[in-house]
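The next part holds the structures, each set out as structure tokens.
Note that subunit A is present in both complexes that follow, paired respectively with subunit B and with subunit C.
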Partner chain A sequence: MTSVWIMLVKKSRAILGFAAISIVAASCGTNAPQDTWQPKGPNSKIIDDLQRPVFAVAGIIGLIVAVAVIYTLIKYRDRGQPIPEQTHGKPALEITLTIIPALILAVVAVFTFGAIFKLAKTDDTEMIINVTGQQWWWEYDYPTQNEFGITQPIISSGQLVMPVGTKVLLRETSRDVIHSYWIPALNGKRDAVPGRVQTLRLEADAPGIYAGQCTEFCGLSHANMRMEAVALSKADFAKWVANQQAAYVAPAKDSLAQQGEEVFLNQCVRCHQVNGLMRADGTPAIAAPDENVWSGSAPNLTHLMSRNTFAGASFDLLSKQCRDEVWNAPSDVVGTKYLAGVTEECLNQKDLRSWLRNAPAMLPMYANATQLKATGGKYRGMPYLALTEDDISKLVAYLLTLK
Partner chain B sequence: MAIIERETEVTATGIDIATPTTTYGVLKRPVAATGWRAWVFTVDHKKLGLMYGATAMFFFIVGGVEALLIRLQLAAPNGKVLNADLYNQMFTMHATTMVFLFVMPMAAGFANYFIPLQIGARDVAFPRINALGFWLLLFGGIFINLSWFLGGAADGGWFMYAPNSGPVFSPTHGIDFWAFGLQIAGVASLTGSINLIVTVLNMRAPGMTLMKMPIFTWMMTVVQFLLLFAVPVITVALFLLSFQRNFGARFFDVAAGADPLLWQHLFWIFGHPEVYILVLPSFGIVSEVLPVFSRKPLFGYPFVVFSGAAIGFVGWGVWAHHMFASGLGPVSVAVFSLTTMAIAVPTGVKIINWTLTMWGGKLVFSTAMKFSIGLIVLFTVGGLSGVTHSVAPSDTQQTDTYYIVAHFHYVLFGGAVLGIFSGFYYWWPKMFGKMLSERLGNWNFWLMVIGMNLTFGPMHILGLQGQPRRMYQWTEARAGEGLFNFAFWNLVASIGSFVLAVGILLFLINVVITARNPTKSPLDPWNSRSLEWMTSNPPKEHNFDVIPTVHHLDEFFHRKYEEDPATHTMRQIATAEEVLAEQERNADKHIHMPSPSYWPIVLAGAVPIITFGMIFSHLIAVVGGVILLFASFGWALEPSTAPESDFENQAAHGTALDKVGH
Partner chain C sequence: MFSTGFKYFLGVTVLSIAALIMSLFVLDQVAIAGVAISMLIVVTALLAGIAVVTRDGQTTTSTPDASNELASQSMWPLVTSIGVVLLALGLVTSSIVFFTGVIVLLAALAEWMIQSWSERASKDKNYNAAARKRVLNPIEFPVLAALGLGVVIYSFSRIMLTVNKTTGATLFIVFGALVLIAGILFAVKPELKRSLVVAICVFGAVGIFTAGVISATSGVREELVAAKAESHELPECGAERSEHFDKEATGTLSLRSSVSATIELLDGKLTAQVVGFNKPQNTVTVRRSTPTSLIFRNLDAKEYRLVAELGTRTLVEPEGATEKNLVCTQLTAQGSEQLLLLDIAKSPKAGTSYSLTVPGVEGQSIELVVP
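And now, the complex of A and B:
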């Protein structure tokens, strides 16, 4: 008999545990950057308002089933009673117990439908950003939108910068495999499918940095394909736009950075565009990533140091201390801190230098010659470039000028 | 024709030999009734059932080791046990192995062994096709796993989404092995389903109407229909994939105008019914076990039958709930949201009926019963988290996170696997004539239940905290603050997975101990209710000395008990031994049994040779093709039953099993 009791206690623990888990998880205090229960915008709020009651109802039903089972186990355990009447069921009871859950679900369905159509609306869009997934980073392309001061397209990567309180519509696609765009604090996910353009509403209530992660399995570095949405106040966003559209400033003559520009022109510009960069002969340097990269593109580095991350947000451009300062800043100053960009003191030298030294050693990619047969020699990810330490120092100095 | 049917002289044989030596063309018909030949060339549904079971168990261990490696990798941030490439192979093969090579064959094993026994038949309708199915499954499973040794296994996830499954994005042969191997296993499922459907529809004992059919047989029949319609869909999808990878087709090539969502639709139109293919067999097992140990019939048998059939139908209308984030558009999403909620209703009916079966009963907590009760509770958890997924907007937050991993492991481990273990403990004496240790079984049960809750419970939290799945590493940058962050729950899950593994190890130990223990089980150890117990343990080769005539659902129980008209309780009127003795007294004199054959294994063996050739050299494929052709002719020209293979029944004459020549 004791074994029965132990069993019952343990069984009830499993159930109570799960119910408790569901409830605790709703408001759990870990502040995980990708927590799905901490909405920071109206779209995620629609989801949250729906999922909380649904989880609660599911938890309650689970409890009822558990209690009913446990009660039955205790009440009808074998205590030497005779073998009972061989009843085959009570249809009235059965039908009742079938209709009740159906009714509960019908109610849930009504609210679900409302939320589905609200989240699919596109006619109230205030700003459009094109998002393109590629192994293993995201490209952001802001089409010309004069009301936001965007008078020429802005191309960026890694971090999505957007104004607060603005209904942003992402138009997603992909250049290779399927990826999925997900900033849990702002909305659910939407797959970026090659050959299709799909939309996702994003809107942030307050300035801040909201973490995300590619959530459709996309190959070797799927786990490293991160993104961050940076919501700035409208004034800060205008500053950001102005900076992104600022003209190219060539490094000072005879500086280390100028030597770095030469290395860049010799090596990096094959794939990476820096708008306004000129060759020695006075012609603009145009990157041709489509000739070298299978998926056809490589991050535009024009204002690299205005971002906090590199390589598909896999690594921080900011040192740990400087990064924490930005991330933990209260929402009224986060914009200022973010717009300060990456200074020489704050640069995460270690990761950036290792990346330039040997990128495939830092991130699993198909970048080795033996794996390039199927792509006709084109890379998937950044290859090993055999740069000297000297070149790396020059490049870092140059990259630091790309504010 | 090269192969000419030719009679040979029938030589006198000993009692070991069950069938005669008739030669056809180049090969003599196999005759051994003992030793390895008796297994390799058998067409006996019970032997094949056991071989399915053993194969599935082997792959369960393989898939389990893969799971442990995954949990080792994820126990701490930036895990280094596996690299990204190997991790991707590992989670792909873990799912593939568990779904296609463990749960499906295990269910096929139970179905093979028990459907003929439960419906009072002596074998299945097409015994050689049955054998073919087993060998194809085994060879298909081996074929898929060969890839580990030939350049790397499939690395696209078991869902194998295009275009990531294309030759550019997965340049090893892993996905080729995967696609061809599943194709081979798919043929096994297809032939098996046709075979069992025909068996159930045509070979039930007299008096056994469909609504008097044991519930396990019913659920397995629903599963066979699901297989019959679902397997062709994945077959088509796998062909497209194989042609894309091996012959330059461009079905999923966006540059050629294809839409990669085509693959997702094909895969999930198969993949969702597949979920019910995995779990309904266990529903059937539990629906057998609960009444036996409650000493009551299944509550609302017709409701359980029809809810099973309803799940079978509605299961075809929910596939796109795997694609809520794919961008289907709000109308499709709303429709599939609704159908997904709808399918929760018949599933809920089952939970209610199981609970009410125990209500008012006389509950005996055997290990089999504990596993069944465990299923009720833990499957409910998985079912309810499934309902939260039907709410599409909520699903777009939780899909592709660990919350989904938690959900389907509660469904597949809490549902399918616990049901399978319930079946092991319940039917072990029937299959082997010996009882598994109940004491070890108790430990086995608790370690598995605690282990699975420790492993998969925390994954709910991890998912809600935002940990995506299919990531070879997780980073502290996204882990959250405080004690109960990613680090804590991932560690708990990893520890839990080893508790779970110890629980399963105890089962294997239990099997070994039981095999060495000479004690025989009683004839009817659980006071069971259905026909499979109305024969010896293990059953004779011909199952029943006389085909029983059925008057009741739970026929066996009603031959042992009758109702006391005053109290409506049941009183015993006969023991199981007496019922069986009655059977033996009326035994049939001549029993017609199918004869063993070489052809199923030869034919099945040719198929992986062909697919191997498709990958490496078409010349090898031609060799395989020739063998296949040869085996097909051999098969076609061989009568399923050798003409002089009737048995003179030992029970009828009190003599050893013997053959009579004509």
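And now, the complex of A and C:
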């Protein structure tokens, strides 16, 4: 029995040691785009200025408590000695130990409330972007704002594009369940709640791409519900706006892309809108995601190839090498590289083709037609479409034209 | 050879196995039911095993001898037959009758079974009665209490629907005060006679029940009848008035906290205060398939309503016919507000647009943009 106990103690020491080394090693990671300790905008700096001193104070207090506990455990461990005299009540000590934490918390509260009020301000907003969450992607729509050249609404998904040095106000809501929007480098979290409009300030100091993640459990693919904020210089942002408002350009006649447009009209347009796309009879092709999708919406694919991601932001449209070139670009050229969009050479054909071949196999979704009683036959996520390889090639060629 | 307990649990196990097999054929989704019934089978089989091994807990010889007397008269066969009749009637009339029959039948069978068992438990009638109480009282008391409370609450609700609003509020205060007084009385006077406490409770319950029956037979108050008959669709969205609507709708916290824009009418001019924008807007962006709340604030002297013109919609009959798709608020007096809830699934067709207008106010509209 004793030998078993000794073995367990030795093993638990090894496990604890391994866990401690893992934690220390993890903290040394350099490629951590969602690091909460690297603020890239004034809003996240407000949080950072608060969390650093609080972390330091809490760390010191935690250390003191840990040392005191360990010292007590060792010094007064059971050696068979008689139980010492038991006393109760040390008013002076108890009052001191109550007042000190209360004072510390009061000081922290003062600064915390100050930060909360600063982050809740909306009267200095310069730009509005509507953000709508649904399983498992984010939609961004830009209301008309002439001062930024937005003369007609822009609608996009996956990547939030914003100008640097501009106070952007996100107006968040959700179409299905509660989600939470969080770009750690730019601000804290804000829940997107169905039926409510909540605001979140964002501002980036320098051009770059900032990663985020839905932080409210929202169903099967919650862990895949990524988001990216792309901050562009004001000149680059103007170019992006101009491109987003450009008219639809139909694919060249008799090209593979034109055949892809026909496949799109037969299959994809039931849910996905491409602004300006016309049917053969000359009428505009209007998507009806409200008839097929539980949330009532599917990503608008107009100018799809101006984004670097697809399926919300779950997958990259760019191949790894091209994506790294954009993400690791210096801030003065990141805009140019981003605005280049997705070329045929840089397209992540593998993931895009796999997605078109069988989307539910790539992402956990409620897309099995035989199990949709609860949603009245409506899908949550993209279903299996039984496309042939030929159709997939045509579609890829067509999607590549949506610059 | 086999003890009574063993036979009982064996029977339940066999029935559960049959239920499991039936559920496999009858139910589409058997996951939860299957697990539940399987657990029941495991538990009852285990109990059957324990019962046969322990001879039903090794009953001591001090237990009174088994009774050979005939069973006493019982009302439960009659109640059971009523349950069966209700069940059969329910199959051809309504589900409420059917489920009432099921409940009556199950309750009567349980009571009858326990009564039969307890009366033959021994020759000692007191012992038998105690055995019955021990089994059934923990079920009977909560169920009867719930039923009694349900009857009182339902009766009270009938009274409140019959009397006018002022009387209703007064009655509510009086009733609450009486309950409070009775509670205080019972608490501070624990030595009160039990019969007096019972009399007060029964008197109160019977009084409310009687008043409830009278109220139910005389019907709900007129304004509720009128409100029910009134169309809430307001298809024309014109100048028609309605007196029976929730005038405090915009005062609810949930709506106030999620308003996308406030549409204001002042001096014949319509403007939109959109959340996030610091200046009045002449467009409001509404997301597709997303419930969007707008508040209409009328600051002009006359009564007006806000109308959302959302293109046209196709009618089922006559086939192919269309009509204007309008959503509107109630007529809103000066200084008042009304809420307009929009849920728009699609962008407007090419060459058309959605807008907010106020009938009677010319040349003023706010574009509804649905990207």
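In this text, the second predicted complex is superposed on the first by the 355 of 403 C-alpha atoms of A that agree within 3 Å, B and C clash if a C-alpha of one lies under 4 Å from a C-alpha of the other, contacts with A are read in each partner's own complex, and residues count from 1 in each chain.
Heads up, the rule we're going with is that contacts are C-beta pairs under 8 Å (C-beta built on N, C-alpha and C of every residue); 3 or more make two chains touch, one makes a residue touch a chain.
Only a predicted model underlies this, so the values are computations on that prediction, with no experimental measurement involved.
Student: Report for A:Gly195: first if it touches subunit B alone, second if subunit C alone, otherwise both or neither.
Tutor: both
Student: For A:Ile286, using the defined touch cut-off, is the partner it touches subunit B, subunit C, both, or neither? Pick first, second, both or neither.
Tutor: It touches subunit C, and subunit B stays clear.
Student: On subunit A, which partner touches more residues: subunit B or subunit C?
Tutor: Higher number of touched subunit A residues: B.
Student: Look at A:Ala66 in the shared chain and tell me whether it touches subunit B only, subunit C only, both, or neither; answer first, second, both or neither.
Tutor: first
Student: With the two structures laid over each other on chain A, which partner does A:Pro153 touch: subunit B (first), subunit C (second), both, or neither?
Tutor: second
Student: Of the partners subunit B and subunit C, which touch A:Pro364 in the superposed model: first, second, both, neither?
Tutor: Touch status of A:Pro364: first partner only.
Student: Can A:Phe113 be said to touch subunit B (first), subunit C (second), both, or neither?
Tutor: Only subunit B; A:Phe113 stays clear of subunit C.
Student: List the residues of subunit A that touch subunit B in one complex and subunit C in the other.
Tutor: Of subunit A, residues 194-196 contact subunit B in one complex and subunit C in the other.
Student: For a test of understanding, state which residues of subunit A touch subunit C in their complex under the given definition.
Tutor: Where subunit A meets subunit C, its residues are 122-123, 125, 128, 130, 132, 139, 141, 143-144, 153-155, 169, 171, 173, 175, 194-197, 199, 273, 284, 286, 288-290, 295-297, 300.
Student: Show me the residue ranges of subunit C that touch subunit A in the complex, using the header's touch definition.
Tutor: Checking each residue of subunit C against subunit A gives 254, 257-260, 274-278, 283, 285, 287-291, 293, 345-347, 349-350, 369, 371.
Student: Residues of subunit A touching subunit B in their complex?
Tutor: 3-4, 7, 10-11, 14-15, 17-18, 21-22, 24-26, 28-37, 44, 46-47, 50-51, 54-55, 58-59, 61-62, 65-66, 68-69, 72-73, 76-78, 81-91, 93-94, 97-98, 101-102, 105, 108-109, 112-113, 115-117, 119-120, 176-178, 180, 182, 184, 187-191, 193-196, 198, 211, 213-224, 226, 294, 364, 366, 371, 373-375, 380
Student: Please give the residue numbers of subunit B that touch subunit A in the complex, ascending.
Tutor: 83-85, 88, 156-157, 161, 163-164, 167-169, 171, 254, 257-261, 294-303, 325-327, 329-330, 333-334, 337-338, 341-342, 344-345, 348-349, 351-353, 355-356, 358-365, 370, 373-374, 376-378, 380-381, 384-385, 387-388, 390-401, 403, 442, 446, 449-450, 453, 457, 460-461, 463-468, 470-474, 477-482, 484-486, 553-554, 557, 561, 563, 567-571
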